[in-house]
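Only one structure is covered here, and it is reproduced in the block below.
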Amino acid sequence: MPFGRKPKEFPDHLWTKCPTCGEMLFNKQLVRNLNVCSKCEHHFRLGARPRIEQLVDKGSFVEQDSSLVSGDPLRFVDSKPYPERIAAAQAKSGEKDAAIAGTAAIGGNPVELVVMDFEFMGGSMGSVVGEKITRAAERALAERRALVIVSASGGARMQEGTIALMQMGKIVSALARLDEAGIPYVSVITDPTTGGVLASYASLGDLIVAEPGALIRFSGERVTSGTVGEKLPVGFGRSEFLLEKGFLDQIVSRAQLKERIAFFLGSFRAASQDVRWGL
Amino acid sequence: MIDRIVGARRGIEGNGHLADDANLIIDSGQLRTRASAWDAVQAARNIKRPHTLDVITRVFDRFQELHGDRGFRDDPAIVGGIAELQGRPVVIVGEQKGASTEENIQRNFGMPHPEGYRKAIRLYRLAEKFHLPVITLVDTPGAYPGPEGEERGQAEAIAKAIFTMTRLATPIIVVILGEGGSGGALALAIGDVVLALENAIYSVISPEGSAAILWRSPTEAERAANAMRLAGPDLLDLGVVDALIPEPAGGAHTDHEETAKAIKIALVAQLAKLERAATSDLLSARYERFRGFGTLAEPGAAAAPPAAEPWWRKFPLMRRRP
Amino acid sequence: MPFGRKPKEFPDHLWTKCPTCGEMLFNKQLVRNLNVCSKCEHHFRLGARPRIEQLVDKGSFVEQDSSLVSGDPLRFVDSKPYPERIAAAQAKSGEKDAAIAGTAAIGGNPVELVVMDFEFMGGSMGSVVGEKITRAAERALAERRALVIVSASGGARMQEGTIALMQMGKIVSALARLDEAGIPYVSVITDPTTGGVLASYASLGDLIVAEPGALIRFSGERVTSGTVGEKLPVGFGRSEFLLEKGFLDQIVSRAQLKERIAFFLGSFRAASQDVRWGL
Amino acid sequence: MIDRIVGARRGIEGNGHLADDANLIIDSGQLRTRASAWDAVQAARNIKRPHTLDVITRVFDRFQELHGDRGFRDDPAIVGGIAELQGRPVVIVGEQKGASTEENIQRNFGMPHPEGYRKAIRLYRLAEKFHLPVITLVDTPGAYPGPEGEERGQAEAIAKAIFTMTRLATPIIVVILGEGGSGGALALAIGDVVLALENAIYSVISPEGSAAILWRSPTEAERAANAMRLAGPDLLDLGVVDALIPEPAGGAHTDHEETAKAIKIALVAQLAKLERAATSDLLSARYERFRGFGTLAEPGAAAAPPAAEPWWRKFPLMRRRP
């Protein structure tokens, strides 16, 4: 297993059909190819653990705040109570919530890293995601390390209501302090990133890069097309569309992501004449 | 073990920054009746409810609207400008719904486009440059979700607006007038004090949207509204707002003058206190106000950290008078 | 004569036809009405001297840098030498160049004021305009007074070539210092304001207001429509168009201009807790 | 009596900040031949001339293009990004013409829209935040003059770009590669050192535009070009550029490698000197560089002010070595 926890959807003796080019991909090969179709470069979604393994220098990742779990501020119940939903998601994923945070090095650059996992309740942002990112930003400020956040999220977690909404204010407050201190923050957007995550930290990187073909939208497809009653063009709200519209610095394929982030962080670091951050 | 149910506010004892003489409701226990969430939704959306310009003309003097984002368009769904609050110049930014179908079409039903938020950012910066306090008036179903909004960066504009407010070196008072629709509201709602009218609502998604996703049926909106705890008293209990501004007996729509009077009393009292704080205190308290939100447990944490001092205690001049 | 020098085009015993509504206006009345059509509010152009008289508190204007005259950096000759053009414009207007600068009060607010005059070589910006505005901005910085510039210009003065272009850099450098010091600058745009003047100081006010119906464009009409070979819509590049496109804070009629500027400056001044500027 | 013919540069004696070892031309007397203005116009516009990306790939290493204005569109007429100049990371912003009709259509013939200048501003700010020097490459007939540009604020975008550069707290080196077309060029051309290739041109209006207006005939463009003194040696005489970078004998288009080599030598030498200056010295020298432009007489002035010390003398580390 090259990337830690094996994604459930790719048992390694089976085949997966590429949704873009139709190629049948042998799962073992697919996982070895970073969950990218070897024929058409379609980027399958990637869990947080294998993502971390791909991004950081081997052995450098030290997880932080791993025991944080969510409360239930609204005592929220839809078809089942919110705590039961969390418990189910935890049981299924083996993770406590939709983001994993830690200290690491990327190409020799010390970073605080947060990676979201879409598999955990649609990567939704509630108190735990908010707290982990905020703490990571606060550590980055205190230690003068760069911050890297890999987003994959359906947005704010409805079950936490306005408390989830307030996480946007909380995280952005911490990012604004980081900005004032001149510490780099690189936002990496992956499929899919929408709603309140896109409308806060994912859009605030000093540099913003996205994987190819990622869905990146403020409103979900249903909402967007329903409101105006028209069909959206192909590719609307995908990475390539956002690049053209001026919202991404680059589209970076998964295979190049680590090296690219390292280059950017290295450039910022080397240029810091008065060594305001980093080592 | 950390277990912050809500970080911002802990009931009547600590809200020294909220003036008695402003007649504010700072604990839901003060309310004689507690309207249902669904009643609040109806009241907040009532087309006769006082909207931003109704409030501006009654609360402030000499309002001069300022237009434009300096880049694409002047968005009629956001109005802003300079006015005087009891002789004190302030910058106002508010979301504007219509009082008629025609006006609603012109105002896009109070749903701003990205250029609206960029106008707001420009006015925030103008206020900061000249030390003018900012007063925002929130009233939107949400940011416009259509493709033009996506194309021009609805998410980016909202994120930058929030970002700008968190470090804006001038006092900010937020008043949620009617609907506080998700990120589209939050782009005007980062402040030192966050107030709401008694029947205002504030939520992460509309009750209809929530019902459609979680109950898979838009007719469950009432149930969703209750579950989401989006009405004024809920927001007060959660600490999302610091105080409620009382509405006239029949609701704000029955008496715009009375409603405006209550808003004015609240704003004057809050501003007088905030203006006495040093900018650095203001910014650190604003940070801590939002930093505190979250409902968490941290089972493995080595030792329970000492209970943090409430953020508002950092304002020595804002303590409740004895 | 209510506004100093009487505009040549309105001898006071004659009539002028309003180009917008066709009304025949008695010149004496027209001038008394600030060169605004009393029927349709069409704003006729206004010279710098009557403009100053309309804007400032009576008797408060003290002209500055009045003796500055232009040199001839390129020894420029088209159908006649540049110095002859200047001499002709000076003889016709009684002014030394296309801007008049001075210290004044507007509704009790001390200001440095610069007013351009389109009658002098199309209000073109060369060394004299550049120097007068720069000095005004430098005085505003030194004395912590607000700066008000009333623009009316065809753009940079071609006869001074790149030296005229450099005036944009020179003026904007001074404005940027003013901005950093937190001193207000109000830009008033009047008919017509185009080219390098619009692409520098006219667009950089903390507040930007324009008179109704003013032509406000980067490129002249000829250039703009010629390049793309299409007919432009009515009102394209006029004040009302720019307001809609987000580039003006307000359109202010001439009769209200003084009061409005005074309100803005008063607001900024009153709000300055630490009295960073003004008295 | 002030009579500043040109403020920025006064010939070879004072240009201590311009390195000998960079082989720069700092006085037009150094030129063996002085091409006519019209020849320079032709050379500057030669479609085979090295354009911005040609220069970037040859002068810099590891170029990573950064896209977008974060508001409307990524403008292909302006390219920018991070790269290394002899191992030193820098931010590059340049105007990009095409080397073919097809590429020219894609690049809009090197005529940026407002969003191009807004991308430039974003990159300037990025450079400032991380102390990266900025190197700009100017090559445009001018900002796009069409209605879309007007609608989205061509003038505003240029003005803000100039404004941003004047106070940007990091070194800026400007190289005019080909055409420096008026305000559309100036938005990239406020710097601590302004260099130009030998056959580059820089003017307030195109020769054709000038001819049409002043001579009322576009066929008088050659005459206009001469009158406007827009060629490299003229710019040097006027002080508008600080030095010329020599081109290969047949012109830059005959040898991209040689041209790039000369540019690289110049950039490395200039950057080494600028980086030794404190930011405050850099900003005040940049101010004075542009402050000095103007050709004026002030007959009534009480007394002749003492001749100002040349701005570059304020850089103690940049004096010409003995």
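Note that the chains are named A, B, C and D in the order they appear, and that numbering of residues resets to 1 at the start of each chain.
Keep in mind that, in the parts below, contacts are C-beta pairs under 8 Å (C-beta built on N, C-alpha and C of every residue); 3 or more make two chains touch, one makes a residue touch a chain.
If you're wondering where the values come from, they're calculated on a predicted model, not measured in any experiment.
Chain pairs C-D and B-C differ in how many C-beta pairs they share in contact, with the greater number at C-D.
With centres defined as mean CA coordinates, chain D is found 29 Å away from chain C.
Here the spacing of chain B and chain C, counted between their Cα centres, is 41 Å.
The mean-CA centres of chain A and chain C are about 52 angstrom from one another, to the nearest whole unit. The centroid of the Cα atoms in chain B and the matching centroid in chain D are 48 Å apart. Of all residues in chain D, those touching 2 or more other chains are 70-72, 152-153, 156, listed in ascending order.
Annotation for chain C: residues touching 2 or more other chains are 179, 245-247.
Chains touching one another form the pairs A-B, A-D, B-C, B-D, C-D. In the complex of the two chains, the chain C residues touching chain D come out as 65-74, 76-79, 127-128, 130-131, 134, 156, 158, 160-170, 172-177, 179-180, 195-196, 198-204, 217-219, 223-224, 227-228, 230, 232, 236-237, 245-247.
Listing the residues of chain B that touch chain A in their complex gives 3, 5-6, 143-147, 149-156, 158-160, 162-163, 166-167, 182-183, 186, 189-190, 202-205, 209-210, 213-215, 224, 227-230, 235, 238, 240, 286-287, 290-301. By the touch criterion stated above, chain B contacts chain C in their complex at residues 62, 64-75, 82, 84, 88-89, 115, 119, 126, 129-132, 275.
Residue ranges of chain A in contact with chain D, taken from their complex: 179, 182, 184, 206-207, 243-250, 260, 263-264, 266-268, 270-274, 276. Chain B meets chain D in the complex at residues 70-72, 114, 118, 152-153, 156-157.
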